[in-house]
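What follows is one structure encoded as structure tokens, with my remarks underneath.
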Amino acid sequence: MHRAKPLPQYLIKRFQGWKATTYAENEPWYRHLAADGQYPRAMVISCCDSRVHVTSIFGAEQGEFFIHRNIANLVPPYNPDGEYHGTSAAIEYAVRALRVSHIIVLGHSNCGGVNGCHDMCSGNAPELEEKTSFIGRWMDILRPGYERVKDIEDEAERRSALEKEAILISLENLADFPFIANEMEQGMLSLHGLWTDTGEGALEHYVAGTGFVPV
Amino acid sequence: MHRAKPLPQYLIKRFQGWKATTYAENEPWYRHLAADGQYPRAMVISCCDSRVHVTSIFGAEQGEFFIHRNIANLVPPYNPDGEYHGTSAAIEYAVRALRVSHIIVLGHSNCGGVNGCHDMCSGNAPELEEKTSFIGRWMDILRPGYERVKDIEDEAERRSALEKEAILISLENLADFPFIANEMEQGMLSLHGLWTDTGEGALEHYVAGTGFVPV
Amino acid sequence: MHRAKPLPQYLIKRFQGWKATTYAENEPWYRHLAADGQYPRAMVISCCDSRVHVTSIFGAEQGEFFIHRNIANLVPPYNPDGEYHGTSAAIEYAVRALRVSHIIVLGHSNCGGVNGCHDMCSGNAPELEEKTSFIGRWMDILRPGYERVKDIEDEAERRSALEKEAILISLENLADFPFIANEMEQGMLSLHGLWTDTGEGALEHYVAGTGFVPV
Amino acid sequence: MHRAKPLPQYLIKRFQGWKATTYAENEPWYRHLAADGQYPRAMVISCCDSRVHVTSIFGAEQGEFFIHRNIANLVPPYNPDGEYHGTSAAIEYAVRALRVSHIIVLGHSNCGGVNGCHDMCSGNAPELEEKTSFIGRWMDILRPGYERVKDIEDEAERRSALEKEAILISLENLADFPFIANEMEQGMLSLHGLWTDTGEGALEHYVAGTGFVPV
């Protein structure tokens, strides 16, 4: 890969600062994790969005969360067809190899992927409907959610409802993975749905029978 | 999704602590990011592993990095076949919608995904060779890398070399995405390969013509 | 301007070195900033003193900080009288055009401007009291600060206290700008006071109700 | 100043990283500068713009440059009327107290202040013509420059020419300060005009009789 470039100097300097301070403070724990392996309590599935910082808002440290991040925190339907499934591979690793106790799906406000899906499904983003659009095809996972919210009149409300559908559809798809259903039945795994407003610093969680409520 | 559960109390408490402290300190910035959108400088592709904390080691804040995390920080080959491609969708969003300037592939020591690939390719993990293994099929992306390191005699050395192949193959695949090649040609995007030893707090970057060297 | 001279060769050489190294490493980011504009998170108001390097101590890169530097990091009172007000113009641009989230006033040890003010106010620098002294008239902004510290007996302590008054008076004046008050009320802007000892590499921040404390 | 807030944690962490690395490497020099005072060789007058990093492009260290930054790197005409003149105070301090050998005026591409002046002078920014606009009144300094470029037909060329006028007018105003004229006559001080294209990483300097040429 002859075209890759060295790391910009400012990141090297910041890394060296981290090494001399945070690393020095935590060296025994980091060495322990390296020698004995990770035992994360939860898997978190969140968006790639730079405004979502899942470790910071939960005060989480190295070793606590196994984190998968993709566009719009989506889990596709269970489909073991022998093709590449990055999200399903991450879930399989978390549940079967690491035996995490919780899977948390963390959605957020102003989600660009969800907005793209909204525009595509309402006929306003033809470029996302093309076969070659990776974003469009990925957001197809959320199409059933659009069907459930499309009659909400207020647009801002409809977009926000679609963000929550992204969480619910992912939870539904998760529950269909046989190894997840099995762990849940045995009381070894629970699923959780969260939505955060990154500007307001607000957090809501899904409560069965009630819907999303502030924590 | 009637089976989802509320968030465990310890995470609610930590969130509330964050809200009262970190959020309060940074409220104007978080509101600004919500109102005016994100302009991250770089996309980082790293592993889901709980021992890898990409923001912490670079002193990065909300808004700086667009982060995709999957098993073994892999990028599959460019293949716009209309199926779900979560990694390619994240890359497309970063480059075409956000116009990031850097894509950093960050690999790490003791990578469980890479070790699984090593065992599978050397005939020691038949369960990963099954069609239904999401992990096995995802790690197929790294098979060409195994071919390049399989003759290294020392096992620890071979496994470590395979971790670096995961970075190099991802960089090669990235450079084959037409919209990435185009941005690179115009001097608007550069690729970077990093490997971190999470126990030692060490960092190496790929330097063309030389290979991986400590920063 | 026929009397201006070409740049000294040693600076040309250093620039060419930077172009071949740092620029080459960061070219996509610099091009991106030029094409899409700057979105700095913070404005920093610091002294012109050559010993104060505001980007270095915060690992800050091009694009992060909008920086105004003047003698003794002073902000004059709000006074829209139609005259030239370079500091107020910089503040107006940062808040109204760029919508920064933080304004950081960064004072420092051994400040020549502050020491000049101390000597002037204590009657030991008659040349600074002349109408034609730009330094003296500029330091008039800090006169109310001298009144608050003049009874401190120890001279070194008194001078250091006056450096901190330069920060506090600037913060007070900033809070009187109507467009700043308005942004603060809406949770879109916060003010911060810092003092650094450049020789010791120490940093203190102002904490309401407590005063300056080491970070 | 009860409304100031503590420094955001991420900047504290980065500072602590700097302290443990860069400071530790340079401690003797920083202590020396604190104990014996600064002897900068040059004063640099540049813009506040976050894309202009004057120390980085010249490999400059603590102690080398006395730096004043304001909107559009402007020097107002000499006018010792007893009012606040932050720029003139900085110049007076550099020349009379520190006795710098060079004053470098560093302009740049895509300058927001210069563009504002262009729009104001061409009648397209009435808000900047109001008496209460600090930006507008500050940019009045550049009005004579607009008169010299207004007949250039191509708009991009005209804006770029106005950026260079900002440098030339500042140099002209500098040469009118009596203490500067005096130092120049005695061969103790020289003036320099520079313009940098921040996206291209290019640098031009003003050569008498020729105009701006690449270094």
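Here the chain labels run A, B, C and D in written order, and each chain numbers its own residues starting at 1.
Here is the rule we use: contacts are C-beta pairs under 8 Å (C-beta built on N, C-alpha and C of every residue); 3 or more make two chains touch, one makes a residue touch a chain.
Everything numeric here is computed off the predicted structure, so don't read it as measured data.
Enquirer: Identify the chains in contact with chain A as well as chain D, in label order.
Expert: B, C
Enquirer: With touch defined as above, tell me whether chain B and chain C contact each other through largely the same residue numbers, more than half shared, or through different ones.
Expert: same
Enquirer: Averaged over CA atoms, how far is the centre of chain B from the centre of chain C? Could you give it in whole Å?
Expert: 39
Enquirer: Using mean CA coordinates as chain centres, what's the gap between chain A and chain B in Å?
Expert: The computed centroid separation for chain A versus chain B comes out at 14 Å.
Enquirer: Listing for chain A: what residues touch at least two other chains?
Expert: Residues 5-6, 8, 13-14, 16-18, 22 of chain A each touch two or more of the other chains.
Enquirer: For this assembly, give the contact graph shape among line, ring, star, complete and other.
Expert: Per interface graph, the chains form a complete graph.
Enquirer: Show me the residue ranges of chain A that touch chain B in the complex, using the header's touch definition.
Expert: Touch residues, chain A against chain B: 1-8, 11-12, 14-19, 22-23, 27, 30-31, 33-35, 37-38, 40, 43, 48-51, 53, 55-60, 62-71, 74, 76, 80-94, 97, 102, 104, 109-110, 112-113, 131-135, 137-141, 168, 171-172, 175, 184, 190-194, 197-201, 203, 205-209, 215.
Enquirer: Provide the residue numbers of chain B that touch chain D in the complex, in ascending order.
Expert: 22, 24-26, 29, 59-61
Enquirer: Going by the contact rule set out above, which residues of chain A touch chain C in the complex?
Expert: 5-6, 8-10, 13-14, 17
Enquirer: Which residues of chain B touch chain C once you look at their complex with the stated criterion?
Expert: 26-29, 31-32, 36, 39, 41, 59, 61, 63, 99, 101-102, 183, 187-190
Enquirer: Would you tell me which residues of chain D are touching chain A in their complex?
Expert: 13-14, 16-18, 20-22, 24
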